[in-house]
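Labels for the chains are A, B, C, D and E, by order of writing; each one numbers its residues from 1.
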Amino acid sequence: MKILGLIIAILTGAFLIYAAVDFPDWADPTSPASTYLSPRFIEKTIEETSVPNIVTAVLADYRGFDTMFETAVIFSAAVACFFILRIFVHGEPGERLYRHVLTGVTIRVKEGKIPPSDDFERIDASWTPHDLIIKTICRLLVPFIQLFGLYVIAHGHHSPGGGFQGGVILGASIILLAISNDLRTAVKRMGEKLVGLLCALGVFIYAGTGALCLLLGLNFLDYAALASILHVDPITARSHGILIVEIGVGLAVMTAMIWIYNNVSSNGEYDEGL
Amino acid sequence: MDVVVVLFLFAGLFFFTGGAIGILRFPDFYSRLHPAGKLDTLGLLLSMIALALFNLHHFSLGTVLTSAKIIIIVVFVFLASPTATHAIVDAGVRAGLGPWTKGEQRR
Amino acid sequence: MIWQLDLAILTLVVIAGIGSLMVKDLLGAAILFGAYSFMMCLLWTIMGAVDVAFTEASVGAGVSTVFFVAAVFRTTRRTKD
Amino acid sequence: MDGQGEEGLASKGSRTGSGNGSAGAEAQPRRLYFYPFFLTFIIMFVVWVFLSGKFDPFHMSLGLVSCAIVSYLSADLLFPSRVTKGAFGQWLRFVKYIPWLLIQIVKASLHVTYLVFHPRMMDLIDPRIIKFRSKLTSDLALVTFANSITLTPGTITVYVSVDGDFKVHAIDKASGDPLPGEMEAKISKTFGEV
Amino acid sequence: MDSIFLYSSMFLALLMVLSLYRGVFGPTVADRMIGVNAIGSKTTVLLILIGLVYHRVDMFVDIALAYAMLNFIAVLAASRYFQKRKGLYDEA
């Protein structure tokens, strides 16, 4: 069976390589894409949207539908993860481990009861002593990573980046917090309900902007319609519309990353993570 | 100016080479980390300084800021790289990997 | 495009890809897959597709490796084949 | 390299309860204090100016909003205790400490590079574990010390406890011997510990 | 100057092959982590070198910065695995 798979894979690969020979060369000026499509965007993007980074303009404005459904796909991936993995069991209460911070004594407490004093901290079943270096350095680095993520979202117009990348970096900062401390610390900072709501809100911002344009009398996702609300000319309105949409994408992607990580690493119990 | 840039760049590449060869030659996990984690960091520092200097050739606000960003990368790596090295050592210790001592077989 | 560098990175992509397929240990495969996505990011960069390279750097290098490790953590490290 | 203390106590416990989802039940609401928030905001804004490089009002206002968001989210990460006194002097002394560290790093790197390229490398290296107890007390000083040790090639911090117990892996006798020594003295001066 | 940068980046790519050897054939998972971490730091330099060759460093700096940050997170997560699950030789 393995050999058969190998043969099929090699045959397909050979066929693809054979087909790839007919592709136009890299940056060939006579290829179909470069003859009329690319020059159109390269020449008109600045005067139509005043966005120097053409990729951002194409992604969020000219092909806004595409990006909207990409965001929806990420949202539904997170929701699918949630529905498959999340467990709500109301069986008999299990036991939780608490550790006395000063002496290191560990006790077991039935779920739902409170430990004897405030000096106890909740620990995982497979707990190891906190690593001082990792904990401290991550504590110092997380704010800067978050700032960088926000910078990437805000400067998608001028440099590479945008909602997707910035959202992933923002999500990674919270994941870093969960890795360096434990999952409960991160969940305390970003609760489950908040994460779910923000994820939906991100998609809603995107689709809502499009619908607002529709209500204002232009096509769906034609940001020029926002000019009357933002009190700017239509070209700047398109630029600002792209920014609003990017913020929506960033929110959705960030929370989707956190949501997926929380569910996968804790097996859907939101209790003990990686 | 160019001489300084090339000098720094080659010094950085020299330490990178030391790191790459060291990873291959050293006998066990712990001693491999010595060249990998640290010589690489120093090589990164030197070559980044070279690139930041070269970037300042056309002196303007934009290039100064870009060079500052390159230096920010160096600062970040100097915070993050020892932490990553420590994390890898910690992983080895927890996994029960014994350190190599003199006279043993290399692994 | 710089064809010498392109060729070198393409070779590295192939090595990393085959390596991550061949490794029996799933954790090792996840880590090697991170190396694969580093190479892909470099490849996009050499082609000049900066935005795609950024996406690959942020998603491939960071978060997807973390997801894979989390999935291995909750399932098993052995593969059947 | 034995286990690290009390970890055996909790190791093989049963998996705690199948959870009713009330993970954050015992969570206390986070307080937001003014000085940490303000300091974080200032630091973040300086970094933002370096990152952004655009000084028109639109991008500056975006920067202000972003810095406010970051300070709101993680001011208590950067400054966990409310007391922020003396942080500035610490920073100045820390900047003075960096050149010394860089010189040490270069020196030790040359040593390790010599080892790497030496044809009879296997005879020269003699890995060992060094244990010592540091006088430093604060977390930040300990972490700086540990990371400085790791950054100096030839030595890696394997384990640090909160009390200052160090385990260091050194590649040969020459690189392991000078510890803790001068580096610890410099750091204790930097962080104002006697 | 461009040719110097080009040859330096070629040389870095060669060094990455050496590190990748440790990644692919490393006897244990920890060795693989060393190899991949070493590749990450070389990649950061390589990105800026490519930027200089293309004369657009300002575009590539952001990627390098994001790279340095996220590579660190991946290594931390992989090492965190061993704090929770013991055993190195699962690769039977």
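Please note the rule applied: a contact is a pair of C-beta atoms (placed from the backbone, for glycine too) under 8 Å apart; a residue touches a chain by one contact, two chains touch by 3 or more.
If you're wondering where the values come from, they're calculated on a predicted model, not measured in any experiment.
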Mutual neighbours - chains that touch chain A and chain B alike: D, E
For chain C and chain D, chains touching each: A
Most central chain, judged by mean C-alpha position against the global CA mean: E
Distance-maximising chain from chain C - centres being C-alpha averages: D
Centroid distance [mean C-alpha coordinates] between chain D and chain A, Å: 28
Centroid distance [mean C-alpha coordinates] between chain D and chain B, Å: 18
Distance from chain E to chain B - Cα centre to Cα centre, in angstrom: 10
Whole-Å separation of chain centres (CA-atom averages), chain A against chain C: 19
Multi-chain contact residues (two or more partners), chain D: 47, 51, 146-147, 157
Per-residue overlap in chain B, given as positions that touch at least 2 other chains: 21, 33, 37, 41, 62, 66, 69, 72, 76, 79-83, 85-87, 90, 94
Where chain E touches two or more other chains at once, by residue number: 29, 33, 35, 58-59, 62-63, 65-66, 69-73, 76-78, 80-81, 83-85
Touching pairs among all chains present in the structure: A-B, A-C, A-D, A-E, B-D, B-E, C-E
Complex contact set, residues of chain A against chain B: 128, 131, 133-134, 137-138, 140-141, 144
Interface residues, chain E side, partner chain B - complex: 1, 4, 8, 11-12, 15, 18-19, 21-22, 27-31, 33-35, 37-38, 41-42, 44-45, 48-49, 52, 57-58, 61-62, 64-65, 68-69, 71-72, 75-76, 78-83, 86-88
In the complex with chain D, residue positions of chain A that touch it: 87-91, 93-97, 99, 104-106, 108, 111, 114, 122-129, 132-133, 136-137, 139-140, 142-144, 146-148, 150-151, 154-155, 158, 177, 183-184, 187-189, 191-192, 269-272
Partner chain E, residues of chain C touching it in the complex: 2, 4-5, 8-9, 11-12, 15-16, 19, 22-25, 27-28, 30-32, 34-35, 38, 41-42, 45-46, 48, 50, 53-54, 57-58, 61-63, 65-66, 69-70, 72-73, 77-78
Contacting residues of chain A [partner chain E, same complex]: 124, 126, 128, 131, 134, 138, 141, 145, 148, 152, 159-161, 165, 169, 172, 175-176, 179-180, 274
